[in-house]
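In the two complexes that follow, subunit A is the common piece, with subunit B as its partner first and subunit C second.
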Partner chain A sequence: MNVADLIALLLQHSPALIVAVPLLGAFITPLISRLNDKVRNVFVILTLGLTASLVFLLASDVFTGNIHTYIFGSQDLALPVVRILFEVDAMSAFMAIISVILSLVAVIYSWSFMKENTGLDKYYTLILLMTAGMLGMELTGDLFNFFVFLEITSISSAALVAFWTNKAKSVEAGFKYIVISTIGALFILFSIALFYGQYNALNMAMIASAIQYTFLDKIALVLLIAALAMKAGVVPMHMWLPDAYGKAPSSVTLILVGATQASLYGVFRVCFTIYGGAINLTPISVGWILVILGIITMLLGVAMAIIQTDFKRLIAFGAVAEIGYILLGIGTGLVVMLNPEMTATGLAAMKGGIFHIMNDALDVGLLFLVAGAIYYATKETSLNKLGGLARNMKYTTVFFIIGLLAISGMPPMNGFASKLLIYESTYQLNPILSIIAILSSIMLLAVFVKVFHAAFLGPALPKFENVKEVPKSMLIAMGTIATIIIIFGLFPELIINNIVEPAANALVNYGDYIREVIPSFAGGV
Partner chain B sequence: MFTLESLLETFQTGSGFWNPIIWVVAILVAFLIAVILRGFGNKEYKKNTGQTQAFLSGNPEYEKEQMHIKSSNIYWGFTESLKWVFDSLKKMHTGNVSDYALWFVIVMAILFVVLIVGENLVGAI
Partner chain C sequence: MIFNIPFIAVAALILIGLYAVIFKRNLIKMVIGITLIESGVNLFLITLGYREGSIAPIYTSSPGGIMALPVPQALTLTSIVIGVAVLALMLSLVIHIYRHYGTLDVRKIGGPEE
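Take a look at the complex of A and B:
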């Protein structure tokens, strides 16, 4: 077998391998941990490195317009046997790239950040399980399988949020997370039962092709949007998010950002693919619901951020505001999807919203890593007690400035390009939406300028006299994300044309997703 | 896929355009001008002398901790004038997981009314 054959074989089985590799790695990690801590750390990094390579291999093919399906069970779709089908289009691949980058960076960061902790075999096992869960949610084409992976992600996330069991607040945050996740998952399961009862199917494409938009379908839509939006931290169901993000170790928070976005992906998959054919025939647009939720999320997130004095909690509210931008962009796309006069506006909004998913993960992720670095160096998260750290932590300060500019949408960082698309397209829909979005960005800048002044500027405080820069693995992790932010900021056209646009097209052209499983399906844009 | 032309391409947003490379070049030119202007400045600065001491109109310097403006004091005027907004927002965030679940039920009820009851009403009209 030559290299080309091997790559073709890997590509063919990559949808399964992307989930199987971290899952298998998770079960092997406790065994390897018995050998040596360093060997275990290297093993986990290599496992996620291999997973990332597979994701990039699959994405390189999917972004050219191909859709990959992978069937576990009977290959003959006509046979009424139990099977699970993975279906990977450009949107799935786009989300998988985000998840795998965040997980890989998190384990590199953890090398030094978590070094002093005990129980790291469990920590790394849970990280790999959580990664497998997120990737499964993004790659599966089966709704019940989506629920199973959501549960895997939720349980491992809750355990990781409560990882610092010696801190009561962390355990409390973990408890809140699992309660909220379970309630959300329960309603998702209920909506799946409604589909199964009506259409005798669990496959997303099958349901999408058969959906009649009956009364039960409407109930299922309400349940799915509400439950997934709660898991995504949409206001006013966001309150678990600052608790969990604020109390989890920073490396875990980074992956939690990916888990939150996987739920947001679920909202978009439901609205565009499953209800794609029916949703725009309704008198009240679901797109407008997303737009309104987006605006509320943006405003409340930024308003709460401005009064926070805890570093991580403040960033968490900033992350809530960023989710609002994503909802606003994609909601606008959904509103104007079927209006022939506004096709370009709709696509621009979709591109802005989808590009912002990636940017949000990178910007918020970098800021959380900086917060973790400061905690590592000073053992302090209260902004009222920090100050003058730019003198001792020069690299961390630079990374914070990059994160600050990026999350506020300042040129030439990545956040500017995606927010520009969102501002322009929402202006076409309604100028007030655009004005609110710009105002929120200005407030976000004010919020993070406050953090910059409080933590990094001011006189050198005697209590931080001996504070040193964080270890190299943490700097490498922060530097990796900062580099990606700069590259995405300097070359937005390249990223949008090659990665974002295929993902936006995959969501809009839901008919292609359905036809991959049901070739006879005639609908779709 | 990644040619030099594609890297330097101007980003077309539909209604406008954005070229970060030109922006970066402009910033670099501005920075260069700032450095040149700085070069015309006073060169008599001496490190580790009395010149580097803080001068507060002849008053003694406070402790470093007291000199630093804390996070809570930044934007004090803004938060104080909108206290009623922030107080109600804080009140909303009880930290009680039962309330979190309650908000979920409220949102679900609103979506139900808008998407199902509202649709039927609009359809009837």
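Take a look at the complex of A and C:
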């Protein structure tokens, strides 16, 4: 067998392998941990590296326009419900890339950051399980399977949020997170039961092709959007997010950002694909609901960020605000989806929203890593007690400036590229929306400049005299993300044309996703 | 089925569970509320697959007649297993919270930053 055949074989089985590799790796980790700690760390990094290369292999094929399906169970598509289907389109691949990059960076960062903790075999096992769960949520084409992966993600992430069990606040945040996630997941299961009772199907494409938009479907839509938005931390269901983000170890927070966005992906999959056929009836109202939720999320996020004094909690509210931009962009796309005069606007808004998913993950992630680095060096998170750190930690300071400029949408960074698309397109829909969006960005800049001043500038404090720069693995992790941010900021067209546009098209042309499973389906744009 | 009793039971279980999660002050009672919601959803799934007078779906020894739908039962089994894992995690977190605060009353837990 030559190399080309091997790659074709890997490509064919990659949807299954992407989930299987981290899942199996998770359960081998405790065994390897008994040998040696360094061997275990290398093993976890290699496992995630292998997963990442499989994701890139699959994505490189999917972005050319193919949709991959992978069937577990009966190959005969005429038989109902005796199989689980993985279906990967450009949107799924886009989200999988984000998740896998975040996990890989988090594991590299953990090497030094978590070195002094005990129980690290369990820590790495949970990280791999969480990665497998997120990737499963993004690749699956089956609603019940989506629920199972959602639960895998929430159980392992709740355990990771509460990883520092010696801190009362961490345990409390973990408990809050698991209560919220479980209730959300049970409502999702309830709506899956509503679909199954009506259409005798669990497959997303099958449900989408048969959906009638009955009263029960409306209930299911409300339950699904509410539960997934709760898991994504959309205001007014955000109360768990600052606690969980703020109290988890920084490396875990980075992956939690990915888990939150996997739930957001669920919202978009439900709105665009499952209700795609029925959306002709009410695109306006569902779209406006997303837009209004986005605006409230943005404003409340920045308003709460201004008054925080805890470094990580402040960034967490910044992360809430960023989710608002994503909802605003994609909601605008949904509002104008059926208006033929505004197709270009809709597509621009979708591109902005989807590009911002990736930018949000990178910007917020980098800031959390910087906060973790400061905690590692000084054991302090309160902004009132920090100061003058730029003297001792010059690389960390540079990374914080990059993150600060990126999150507030300043021109040389990636945040500017996606936010500009969102401003331009929402201005066409309603100027007030883009004014609020720009105002929130300016307030974010003000908030983070204040943080920069409080933590890095000012006179040298005697208690921080011996603070040193953080170890190499943490610098490598932060440097990787900072490099990606700058590259995306300098060449946004490259990313938008090759990755973001296929993803936006995949959401808008929902008919292709359904036709991959039900060839006779006639709807869709 | 008589007066749709299973569906009424589903609604009752979910509402009682939600009431417990939202209004009860004791963490253990909140956990009980979540398991009640879960039971309600599981009962809903099972009820969807049941037909009056049906038998267990075992093809090899079937005496004939209509069978209950097996797929919801498989889903329920999966959901029960997940529920056990969630319950175990929640209770272990409750134990840790009790160790830190010496109480399970939500009004006394938390407070200002340490």
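Operating definition for what follows: the second predicted complex is superposed on the first by the 520 of 525 C-alpha atoms of A that agree within 3 Å, B and C clash if a C-alpha of one lies under 4 Å from a C-alpha of the other, contacts with A are read in each partner's own complex, and residues count from 1 in each chain.
Keep in mind that, in the parts below, a contact is a pair of C-beta atoms (placed from the backbone, for glycine too) under 8 Å apart; a residue touches a chain by one contact, two chains touch by 3 or more.
These numbers come from a predicted model, not from an experiment.
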Check the residue A:Gly174 against both partner chains and state whether it touches subunit B (first), subunit C (second), both, or neither. second
Would you sort A:Ala446 into first (subunit B), second (subunit C), both or neither based on which partner it touches? first
Once the structures are superposed on A, label A:Pro412 by its partner contacts, choosing first (subunit B), second (subunit C), both or neither. first
With both complexes superposed on chain A, which partner does A:Val148 reach: first (subunit B), second (subunit C), both or neither? second
In the superposition, subunit B vs subunit C on subunit A residues touched: B
Once the structures are superposed on A, label A:Thr165 by its partner contacts, choosing first (subunit B), second (subunit C), both or neither. second
A:Leu223 in the overlay: touching subunit B, subunit C, both, or neither? Say first, second, both or neither. first
Contacts of A:Ser425 with subunit B and subunit C, given as first, second, both or neither: first
In the superposed arrangement, does A:Gly388 touch subunit B (first), subunit C (second), both or neither? first
Given the touch rule stated above, what does A:Ser251 touch, subunit B (first), subunit C (second), both, or neither? neither
Kindly list the residues of subunit A that each of subunit B and subunit C touches, one partner per complex. 175, 179, 183
Which of the residues in subunit C come into contact with subunit A in the complex? 14, 21, 27, 30, 34, 37-38, 41, 44-45, 48, 71-72, 75, 78-79, 82, 85-86, 89-90, 93-94, 96-97, 100-101, 109-110, 113-114
Subunit A partner contacts - residues on subunit B that touch it in the complex: 1-2, 6-7, 9-16, 18, 20-21, 23-24, 64-65, 67-72, 74-75, 78-79, 85-86, 89-90, 92-93, 95, 97, 99-101, 103-104, 106-108, 111-112, 114-116, 118-119, 122-123
In the complex formed with subunit C, which residues of subunit A make contact? 81, 144, 148, 151, 155, 158-159, 162, 165, 167-169, 171-172, 174-175, 178-179, 182-183, 186, 189-190, 192-193, 196-197, 202, 310, 382
In the complex with subunit B, residue positions of subunit A that touch it: 175-176, 179-180, 183-184, 187, 215, 218-219, 221-223, 225-227, 229-230, 236-237, 239-240, 242-243, 282-284, 286, 289, 300, 303-304, 306-307, 309, 344-345, 348, 383-384, 386-388, 411-412, 416-417, 420-421, 424-425, 428, 446, 450-451, 453-454, 458-463, 489-494, 496-498
